[in-house]
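One chain, chain A, appears in both complexes that follow, with chain B as partner in the first and chain C in the second.
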Partner chain A sequence: MLTEFSMSNILPALPEIFLAGSILALLLVGVFSAKENASRSVLGLSLVSLVVTLLLILSGSLSSHHIEFAFPYGQGLDGGPAGFFFISDLFSIYAKSLILLVAIIAIILSEDVLNRLRINKFEFYILVLVSVLGMMVMVSSHHLLTMYMGLELMSFSLYVLVSFWRDNNKSSEAGLKYFVLGSLASGLLLFGLSYIYGVVGDLSFTAIGDVISDIQMDGQNVTLVVALVLVMTALAFKLSAVPFHMWTPDVYQGAPTPVTTFMAAGPKVAAFALLMRLLTEPFAAMAADWTQVIIALSILTMAVGSYMAIVQTNLKRLLAYSSIGHVGFMLVGLVGGTAQGVQSVLMYLTIYSLMTMGAFGLLMLLRRKDIYLETIDDVAGLSEQAPAYAFMLMLLMFSIAGIPPLAGFFAKFYVFSAAVAAGYSWLAILAVLFSVIVAYYVLRVVRSMYFDKMVSVSVDLSAPLLMRGVVVGLVIFVAGYIFAMQPLDEFTYRAAESLLLAKNF
Partner chain B sequence: MPSGMYFTIVLLPLLVATIVGLFGNRLGDKASMWITSGGVLVSMLLSLVGFMEIAVYGKPAIEATLYEWIASGALSVSFGIYIDKLTVLMLVLVTVVSSMVHVYSIGYMADDPSKPRFFSYLSLFTFMMLALVTAPNLVQLFLGWEGVGLASYLLIGFWHHKESANAASIKAFLVNRVADIGLILAMLVAFAVFGSVAFGDIFASAQSVAGQSMNFLGMNVPVLELFALLLLFGAMGKSAQIGLHTWLPDAMEGPTPVSALIHAATMVTAGVFLLARMSPVFELTEIALMVVAWVGALTAIFAAIIGLTQTDIKRVIAYSTCSQLGYMFFACGVSAYSAAMFHLFAHGFFKALLFLSAGSVIHALHHEQNLFKMGGVRHLLPITYGLMWIGSLALAGIPPFAGFFSKDFILESAFMSGTQTGYSLYIIGTIAAFLTAFYSFRVLFLAFHGTFNGDKETFDNAHESPFIMTVPMMVLAVGAIAAGMLGLPMMDTAWWNGSIVIFENIHVGVVEAHNSPLLIKLLPLIVAIAGISLAWLMYIKRRGLADKMTKALDILYSLSFNKFYFDEIYEAIIVAPIRSFSKFLWQKGDVEIIDRFGPDGVAELTRRISVTIRPLQTGYVYHYAFVIILGMLALITWLMV
Partner chain C sequence: MFPDLMFYVFASVMLIAALGVVTAKNPIFSVLFLILTFLNCSGLFILMGAEFLGLMLVLVYVGAIAVMFLFVLMTIDIDFAMLKEGYASYMPVGVLTGVVLLVELILAVKSGLFSSDHLITQTAMPIPTDTQNITAIGQVLFTDYLAPFQLAGMVLLVAMIGAIVLTFRRREGVKRQNITEQVLRTRKEAVELKKVKSGQGLV
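Our next item is the complex of A and B:
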């Protein structure tokens, strides 16, 4: 039944294939290197392979075809393939580039901390790479099986990464919690997928989209509604949208900070990209249903994310709730499913990932006597002990609160204007009100740094130059975004258009 | 490129003010002082070159645009320069006095700990004043207008640890703001009537709208009269005319060089400058001109009366400034704009000289400003004494000093305008001239003659000011002597080359001024000499006489000494009601209602919500799983229903 083998059916997936090959090779390198420099060499090589993968992906954006498919299967009525497992369009190219950038930054930020926690083992980098591969597959999947495979590949690596600091109770606890709940979500997802197969008889996005739009003509289909909710529940769990968010603070706090940094950015991008593809392609005909779900999730998520962050004293937990709140704002951009909405979410994802990683990166730079700053009280008086770092953290915090002219403001501006354009002004107004609450907890951190009585223990700032450079770079992005928004705006817009075009193929 | 030079004149003070303002503490005191003074001195030299070109060689006016500042619909405002004879005259006056004050301050402020801030403010003030006089439109003029207001606020309150200085700076700012409403409304009227705020456009179409009227506050009023009266109201604030003058005497709380810069030659002259600049409009009005004349005349006499009895050396000079500005206003009121500008120019020099001389005395006597605690210091401060004589003679209007020519020109123009108002103004002006001569020599005699009345230690430590202070004073003294004779060509309206417009066939005073009867010409001089003699009699020859007269004229004396109770009246009818109303709004409205239910209430509610929902996060996996299932079921149920 399989169609003939041909290079053009594989080439669009070249970056993924390269990365998979690199992972296998790196495993061998890690095993056969001398123990003391195994992690060092794997670190270097994984950066190289990530950069090469990024270049391969970006070279795809130069291709004249905006949408390419790979891995065909079955035979359709017209003699062509019945469907494809894999799609590569500008949308996936953008999302994957962002994921790779996130991974590169996360790895650079990790090494110093891992060394200090004495958990710098080469498996760390390989697990990051595997989960990146999973994310890339998720973003490019055009078939429910590919999707599930990517999702699980990502999740399993993350379960291990969260409990990577296995001597630490919190880390182990967090890993276990994440694993148990993740399995539940995975089960719900499979349950939903089975319903879809039961109704449609095919797992290809194209086929599902066609069948659902036929069925929707005759009114609401109960089975499909259940399936939609189950699938959205599973993805909402990965996004940590309320009420499927409860693992997030525990896991973000318990996991080693390098893992948290990576988790706060990478999986969000992948899950959001997948959600957007699902909603605009296979489930496009059910927009009336899923828009309601999105609205409900977004309001709950914004509310809980903002309100719960206020009472936090631990900075990692605070940032966890803040990232929940950001997910709520991004969901606002998704209502209506317009190209502008998709673009706004991509833009928000980009800015959110980089500024959150910057904030976590700063937390990984600041220590008092070898103990990382963790609570709001820990940063008291930082403005005098480490003025440059305090200033950078203040910029990032203000950006998180969405204060112009920092990048975070434009992120919110994009999603709110998308919601207004889609006819959901009331939701945009509500979102603006919630964003005011964000300022509440952000200002608490800034106040502690600038106005509270100094902690007498001196601050240790020694860190590798590259790590510091990356953090500074992220801050510069956040502060200087206003001067360089044009190219990103264009790229995200074309990516969003290509996503909405894909369903016509 | 000639316009480049004028832009340099205007922008150089801004540049040095910015440099010293931002980096003054790193540059150090010395560098800060010389950078600002140097910048303004260069500006002065270029202004003199410009004066030669435009005023002496009679080159045509220059108009240039630096950039388009505001473009919104039909409104278009550019930031640029408009250089004609009126402007170059002001440029020279402003930059000369400003640079002399800069240099003088190097000595005067030698003990002050925050010199860079002071000099940065001085230069900023200079820039704002230059932007004002070079403005090609009302909006840029307003920028400078507000800018000098701001800079004067900063300078008057420079010694911010002194409560009285703070109060004075706030008072100056607020009183000026009240008047600024007039200028803002005038801009709006200009845009509504002329469709433009550029001077060129306004002047070009002023004639054509002369007969029109518009609705203002429900009344139908002639547009030009309205426009002119609003401008006048704005000018009254800056030029401290009666009613809006209360800020000027209090502003003496600032360092003395500031008084010399702001209250002699620059900020307070802005109002007169505005009237002269707007002469093409004022010439078409009747009521407005009359109001200008009477405001000026009343200010001239009333401030002079107050000046008679004040005990603070600087306040006397401040009231004399008020009075002299009154002269300039009533000159404008009888269409003698050229006379007003001439007096403004001459007055700028000798008044700055008087302030700096007073500063020199104050400096020598450890910041003693009370006239009755001075006396007999003429041997200790010979240079200051001599310079004070020059300044006082110029102020009193004794030939050949500057004040004689310009004051006479004003009075003659008023007399020869041939109207009832003109005669009244001449009489009032002459009386004021007598008072002026009296109080300026009262200051001189009280401070320098007789015996010292302060404590002995101060007297023993008193010494002449250093050259860095006396040399600028000498430069200004040269101006005070020469400005009158050099300025004589200004009496000819044709000299102004169109920058001042006078309808000489209607308003004949300026033209006929030379033909006034000899008695009219000599009377001001005679009363001035009489005033000086009276001062000599009362304060040198027979010291007891002053006290006897005080007792005899008890009511009049206390009226004058208490400045006609202006401050008290304002306090009772304006300040106190506003303050209690504000207090009500603050304590009842804001704290009790808005804060309680607004910011504080919402913040408290937010915090409570957070605390309430916090226990939901239990940490137990089975709770989390339960919530996931529950959430999923809720969503399904909701979509099904």
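Our next item is the complex of A and C:
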């Protein structure tokens, strides 16, 4: 009944185990070091542990096995284990590397702002690390239990991070809102999972996939459809897809900007990776059912994301709606569940994360009299006061709109061509129309910077060199994406292939 | 026959109590209804043969969480009339959502997949009859289910860190005990010998 313990059963999860261990160690470092330099030393050490985790993950991509399982349980009919809690394939390696990169950038960008807001406590970095651990578990889960634990680990730390600026009313409100709605989403998810367990009798992805493909032979099954819809609802909430997006603008605006930067990128990658694994592995036999849901979600999300962004005056809210819109475009790529679709979504996720973090990073660099620029009117005349920064913000905004040859254009190009290849040309055309609207609200920001009357208060740009370097690096990536295209294309292609292969194991 | 009867008793009382939680005017009644819901739910668990879960529900939810709710409600001053504001305007949407969900669930149950013949053939792990719940859980919790168990530990750790980060603040003017300082005090700093002349005070 019990599985024999052996190192090979846990080795594929080594990066996660290392990160968990370093979180515990860092907690001790933070508690026992002197109050003045606790956050500094934890910041440095957390960067080190993230980099080591990244290297451990990447070393996995070199090994000959493309797909490895860890944490077996039970006994199956063939004498082997009944299932595995954990999977490590190229797909998860790619998604996890992206998540770690996002976390490293977010931590570097956050220190200066946290100091200025007087909330630079060492717990911040630990919570970011825990959240990253949750995301990594989500991406690598091969069992509904690990999936749920990963999701909660990620969300719990995000709830705390959102209300981290506890003296600020907006931040506390955002945290409470996110927590209440997030718990509702968790409840729906658990409800869906219990339905799946009721039908399948097991929680492992392999078993679910097998039973579902058996059942689907006899025609559509309402119970499974309800379960699928409930699970997708919960993930759509984490992705902030319409109609489960209500929290996004408030939370993105209310949370301290370093947290928003992290939240806009990391959890999206994890939730999308998990959604793709669920849809192509356990629910592969129900493609006809979930495609309808994805189509409806994507059209609604693109529409609301683009239209609502037009009326926003606050830049953080505008970026929140723009990120909702991006999720809609990514969902277009998922339609059909082809390898090309998965690859296009991975590319889009990469470009979107780095682009959005660049935009939020610029917002964290620009201040007038110690007050961060937040509204479109605040950036008026920026082109004369800080020409280099205005130019970078313009590049990022054009990339968000998808203007060639910037990275955002290629991101959209990949998902649209994947949708066309899967036979959904009409959806791709609709998506192109929506991206025209995106160009409109993006141009409003650029117009304010370049043509509106200057705000007389001077802009303060002093910031640590590393932080400015990272923002410049992100802008360079966005502008010079063409040169990074080849290796990214190859890596994402292999990742997408390994995801679709995994279900045959 | 008797278990069936008990099922209907527990289930119906539970539903009524759950309704009471959201409709009761007085929040104290809401919490008491919540406790009633938990108790009936635990009865249902025990009927299903999950006696450990049933008892845990009573211990954790009733014993710890619901009682803490009561404490919180009694110690803080909330304007409950204000919280109930807008109840009527949100009601139609809520009822509509509920009805749609209910219809879906009924359809799901009617699809027949939950009938006993389906469940028995497809349950990979049948309920063991020769061991107790606690033994069965204990055998797998720290071995097969090591990974989710450790992750649950991390979730609890986050809850603890979060509670401290969000609520702990160093107040000014509060005297705190500093043990190192206490221990390092020498007799020289603490005691002073004065000669007191007879008939006079020290001041």
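In this section, the second predicted complex is superposed on the first by the 505 of 505 C-alpha atoms of A that agree within 3 Å, B and C clash if a C-alpha of one lies under 4 Å from a C-alpha of the other, contacts with A are read in each partner's own complex, and residues count from 1 in each chain.
To be clear about the criterion, a contact is a pair of C-beta atoms (placed from the backbone, for glycine too) under 8 Å apart; a residue touches a chain by one contact, two chains touch by 3 or more.
All values derive from a computational prediction rather than experimental measurement.
> Just checking: does A:Y195 make contact with chain B only, chain C only, both, or neither of them? Give me first, second, both or neither.
A:Y195: touches chain C, not chain B.
> Using the superposition on chain A described above, determine whether A:V222 touches chain B (first), chain C (second), both, or neither.
both
> In the superposed arrangement, which partner chain does A:L145 touch: chain B (first), chain C (second), both, or neither?
The second partner, chain C, only.
> Which partner does A:Y440 contact after superposing on A: first (chain B), second (chain C), both, neither?
Touch status of A:Y440: first partner only.
> Give one of first, second, both or neither to describe whether A:G74 is in contact with chain B, with chain C, with both, or with none.
Second partner only.
> Residues of chain A touched: more by chain B or chain C?
With both complexes superposed on chain A, more residues of chain A are touched by C.
> So in the superposed three-chain picture, is A:F164 touching just chain B, just chain C, both, or none of them (first/second/both/neither)?
second
> Quick one: classify A:S59 as touching chain B (first), chain C (second), both or neither.
Neither chain B nor chain C is touched by A:S59.
> Give one of first, second, both or neither to describe whether A:I126 is in contact with chain B, with chain C, with both, or with none.
The answer is second: A:I126 touches chain C but not chain B.
> Name the contact category of A:A13: first (chain B only), second (chain C only), both, or neither.
After superposing on A, A:A13 lies in contact with chain C but is clear of chain B.
> Taking the stated contact definition, name every residue in chain A that is touched by chain B in one complex and by chain C in the other, in rising order.
Residues 222, 225-226 of chain A touch both chain B and chain C.
> For a test of understanding, state which residues of chain A touch chain C in their complex under the given definition.
Residues of chain A touching chain C: 1-3, 5, 13, 20, 23, 27, 70-74, 82, 85-86, 121, 123, 126-127, 130, 133-134, 137, 143, 145-146, 149-150, 152-153, 156-157, 159-160, 163-164, 166, 195, 198-202, 207, 211, 215, 221-226.
> Which residues of chain B touch chain A in the complex?
603, 606-607, 609-611, 613-614, 617, 619, 621, 623-625, 627-628, 630-632, 635-636, 638-640
> Can you list the chain A residues touching chain B in their complex?
176-177, 180-181, 184-185, 188, 222, 225-226, 228-230, 232-233, 237, 243-244, 246-247, 249-250, 289, 292-293, 296, 304, 307-308, 310-311, 437, 440
> Please give the residue numbers of chain C that touch chain A in the complex, ascending.
Residues 104-105, 107-111, 113-114, 118-119, 122-125, 139-140, 143-148, 150-152, 154-155, 157-159, 161-162, 164-166 of chain C touch chain A in their complex.
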